[in-house]
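Look for chain A in each of the two complexes below; its partner is chain B in the first and chain C in the second.
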Partner chain A sequence: MRDRLTTSMRASHVLALIFVVAALCLAAFGAATGDTFYLRLGTEALIFAGLALSVDLLLGYSGALSLGQALYFGIGAYVSALTLMKVPSFWLAMGAAFLVTLAAAIIGGLIANRVRGVYFALITFGLAQVFAKVVYNTRELGASDGMIGVPVIQIGLGPFSVSAASPAGFFLVVLGIIMGLYALTAYLLDTPFGRVLTALKANEKRVPFLGYSVWRARMAAYVFAGLVAGLSGALYPMLRGFVSPELMFFATSGNAVISVILGGVGTLIGAIYGSVLLVILKSIIGSWTEHHLIVIGLLFMACVMFLPKGMVGFVRPRIERLLGREPAAPEPAPPSSATIKSGSAA
Partner chain B sequence: MSPIDYLQFVLAPQVVNGLALGVAVVLVALGLTIIFGMLDVINMSHGEFYAIGAYVALAMGAAGIGFWFLLVLVPILMVPLGMAAERLLIRPVFDSKDRHVTTLLVTFGLALIVEDVLKVIFGPNTQRPPTPIPGATDLFGIIVPNYRLFLIAVGALIVAGVAYVVYRTRLGAMVRAAAFDRNMAASLGVPVSLVYAGTFAFGVGLAGLAGVLLAPIYSVFPTMGRDFILLAFTVVIVGGMGSIWGAVVAGLLLTQVQALASLVISPVWTDPIVFGTMVAFLVFRPQGLFGRLGHA
Partner chain C sequence: MTPPVLDIRDLGISFGGLKAVDQVSFSAERHRITTVIGPNGAGKSTLFNLISGAIKPQRGQVLIDGVDMTGAAPNRTKAAGLSRSFQITNLFFELTVAENLRLAAQVLEPAGRAFLPVRRSERAMAKTAQMLERFGLTHRRDEIAGNLSHGDQRRLEIAVCLASEPKILLLDEPTQGMSHGDTEDTAKLVRNLTEDVTVLLIEHDIGLVMDLSDHVVVMHQGRKLAEGPPKVVRADPAVQAAYFGHH
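Presenting the complex of A and B:
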């Protein structure tokens, strides 16, 4: 007998599979027609999807809204750029970004996890804002201009080698990494640790009585989310060849939150769909008017108010019903996030 | 430089300028803290309401309406806007399970829209209304622009007025009662729903008033709300969410820390110091300097 969370995660995996197939089609089509623009745009959407994934891990599972997740994204990007300018090695850059983000997330987590709820949102907002301001004014890091001239690298994958300059090749590498992060996050949430996180969101006061440390679970979730953001950020300079303080600004964190809300909180795959949707919206609306924020803001507010489970929350119950045919119990298939959310008012 | 000279030419002007900034921050934070104390809502669009106030004042000033009239007119015009925002955006999600996060997200969405709408109507460029009170005064050898002195005086008046209304009038008692226990207040005949909308509108009106007052000093541009918002949030947290006196003390204290620290270290590093103060408060005294509104 499967529980609802497992059923809905399986439904997410089906959506993830559809996403990968669609992405592979785009890559094949792009490679065949020699397209650069759309593949690069898609790669960027995927990189920011990693950031959205980390926001969803915090908001959708431990129930903590981070308004400054771009901090770790930016740290990952800067460390990766600095490393690549010294030694143009993909794995070294990713490793350095991993270690520095790990350290930063532990420090940030020690500060931010002293508080919860709305204070957590404000303190993450402040942390990112202050750090971005310091980077913005540090000449060694290129100050407000950021750093340009990150070399184009060859990414060694065992016997193969992919150039970051190849649109389709790098798109596939990024797709692999982001979907890998998705799979890892989904796996982690299926472990006992993940269930503690879900319990935290449902009722934080009861968790200690079951013998689990609330602080440790929140800290672990925070550090893991920081790492997901940092590793995604590390890919950014490989794509664009530069980094700038804008990567850490509130706009970047805000976009990740918008992606998560549009896609669906607590669904993981929703963050990835949401990020792609946001990029598509921006480029479609952007071709008519530069004031795309009005439309995105309205859509975002409508989602918060009327569609709290986002796009995926709309689609997923149908898939769950398809998947749930085999178990005997004919559940009315309420989406999992509802089960997770109920009780947080207590 | 002798110590007396240092005091007169370096320290004192810095303190006076810090005071003017402090009053500005307190004015923005006042509405924020009242809305939080009363409705339990983090209003992410507060900075944008401040910007709306500044733009409305700019447009009406250009149409020939005098500054003194604007000081009264703009906050009154902001009230229906605040009422509408509360009714249409806050109220529908107010009873959702995670009120803090949901209302924060809704007001964040509103902030995005307002910012872009301001850009559409007024253009992206920075504009500066003329200073309503020109000239400067020599105060014990410190030259202070008259308008900053005026700002400090008016700021003190506004804070005193707000505190009087909240703590000394029947209306304020109703507001505090509804903040403390809304069901009990409702059964005692307080029109809680109206009080909620009114409080939100009052906070928005204060933001608009801050916009009118600060536009001649800090200029008017579509993203102007962002500049103050982190400092205002810091003030609200340090002072205690929902505490009026807390906002005043914390606002003046933090801006003095910022002003004096920038004498010794690079101004870039004053933000981390101010933010560090906020973190220290959250760690050691999470309720802030003073308790919250309605909880004495």
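Presenting the complex of A and C:
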């Protein structure tokens, strides 16, 4: 039985595959030419793509706009940095970031999920700002300077070991983790659990009458999104060797929302494309003019006006049509406008 | 003796000073159609909201299969076997017809399936196909629900309620806004539902009510005015004064 949402997700996977191939080409090219700058930039784009992914999970699927998703990104980054400065272990840092973000997202979720809509957006914004200011004023966490001196680590991957200082090596590790998070999110959204989240966005008021708890579904989405952001953030100090309170500021959350809208809300892979585009644009335009934010702002407005569904939202329906044409299983198709396409191509 | 599948006792709620539903008691017999009638503002839809858990009653009790479900949230009354439709079509308009049904049918699956891909939920898929067939929507299964005609949307609304195999079905004006032909089809459909479920209906079309109902409850200004078999109710002078008198 063909399923429209499954087909959409498969179309996103096609774009994800293209993305991974392009990324691998960059890694190979970068390694061959001894490039550092572009691989480091690409790694940073991927890390922020993880944050954008978590924003799209909430905005594009459960229908909740979070303006403070950087909170969990920042918590992940700080916990990772603190852990690495004590014990330089990749897996320990990721594990610690996971646990602390889990706890933080549950607490944040209990607060933010009391309200919805604009109020939800404002509360998530407020939570992140308050927490960022606390960090900003805490000397033990480096206050406004942040913390420097995160050691360069060796990442043990079974028999192999990759240094976080190796541009191509660490790029590949981050690519693996971010695409892993993408795959996990995409998988969950195509399960009955995930479909309830989609139902929340479509018509939250109807959901309890189907027997599902709206509160539980919203909490699950929020905590899962928090974890995705936190695990992405945990990679940041490994790349840059420092963390700063700016990671939790609104600019970080806002950039993630812009990435999602540029890439396409509710497409998942769009968040990743959008984030890469934004980081590249910032870097390129930033090298021409210090007023790069004006250019990005104009581009964002143009995108909202002319590509309201974002880049992926524009391309994906075409891929869906291609995928839909391949008959997965022979299906008795009664003549109707909805099924003529599959019938004529069979 | 088994308790009635749905038992309403002294149910009441006030909004401000207005007693929207006041001391209403009746029960719905298994595999029968019980219809609630009454002029606009009589409190029929509020009654449905109280029973389904959309609004908590201030007084009285709702028992489903003898279990007290008074004030339980809608997802809990749903789990207890009560499914309801809405007077104003309430679907997942951005999702496909099939997905609307699949979401409702998903509750039939064991909880462990919640984290497997949807195509593994064979029972929910089979139920979806069965509902599409039964409600004549198979050829529209991949259509976005918002694009359906009004009649098809009203049919889908009933199908969604039925897809979860409830014990009790609350239908709030299922034929609202339907053409004459569609209304007759829907009446036939509702009649056939009683093989599987107990139906509680709100309906305005008096002809339809008399044809369809096994039991009629008349409401007026929040209170129960009368109840009984359709013919008895129709002959009741108080009912005629309040309701049929204008015809």
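Simple rule for what comes next: the second predicted complex is superposed on the first by the 324 of 346 C-alpha atoms of A that agree within 3 Å, B and C clash if a C-alpha of one lies under 4 Å from a C-alpha of the other, contacts with A are read in each partner's own complex, and residues count from 1 in each chain.
In this text, contacts are C-beta pairs under 8 Å (C-beta built on N, C-alpha and C of every residue); 3 or more make two chains touch, one makes a residue touch a chain.
This structure is a prediction, so every number in the text was calculated from the model and none was measured.
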Which superposed partner A:G149 touches (first chain B, second chain C, both, neither): neither
Which of chain B and chain C A:P208 touches, first, second, both or neither: second
Contacts of A:G286 with chain B and chain C, given as first, second, both or neither: neither
Chain B versus chain C as contact partner of A:G297, first or second or both or neither: first
First, second, both or neither for A:P192, with chain B first and chain C second: second
Chain A positions touched by chain B in one structure and by chain C in the second: none
For the chain C and chain A complex, residues of the former touching the latter: 52-54, 73-75, 78-79, 83-84, 90-96, 98-99, 102-104, 106-107, 109, 113-119, 121, 124-125, 129, 138-143, 160, 164
Chain B-facing residues of chain A, complex: 59, 63, 65, 111, 114-115, 117-119, 121-123, 125-127, 129-130, 133-134, 137, 250, 254, 257, 261, 291-294, 296-298, 300-301, 304-305, 308, 341-342, 344-345
Sites on chain B touched by chain A in the complex: 42, 89, 92-93, 96-98, 100-102, 104-106, 108-113, 115-117, 119-120, 226, 230, 233-234, 237, 266, 268-269, 271-272, 275, 278-279, 282-283, 286
Residues of chain A touching chain C in the complex: 1-6, 187-188, 190-193, 195-196, 198-199, 201-203, 205-214, 334, 336, 338-339
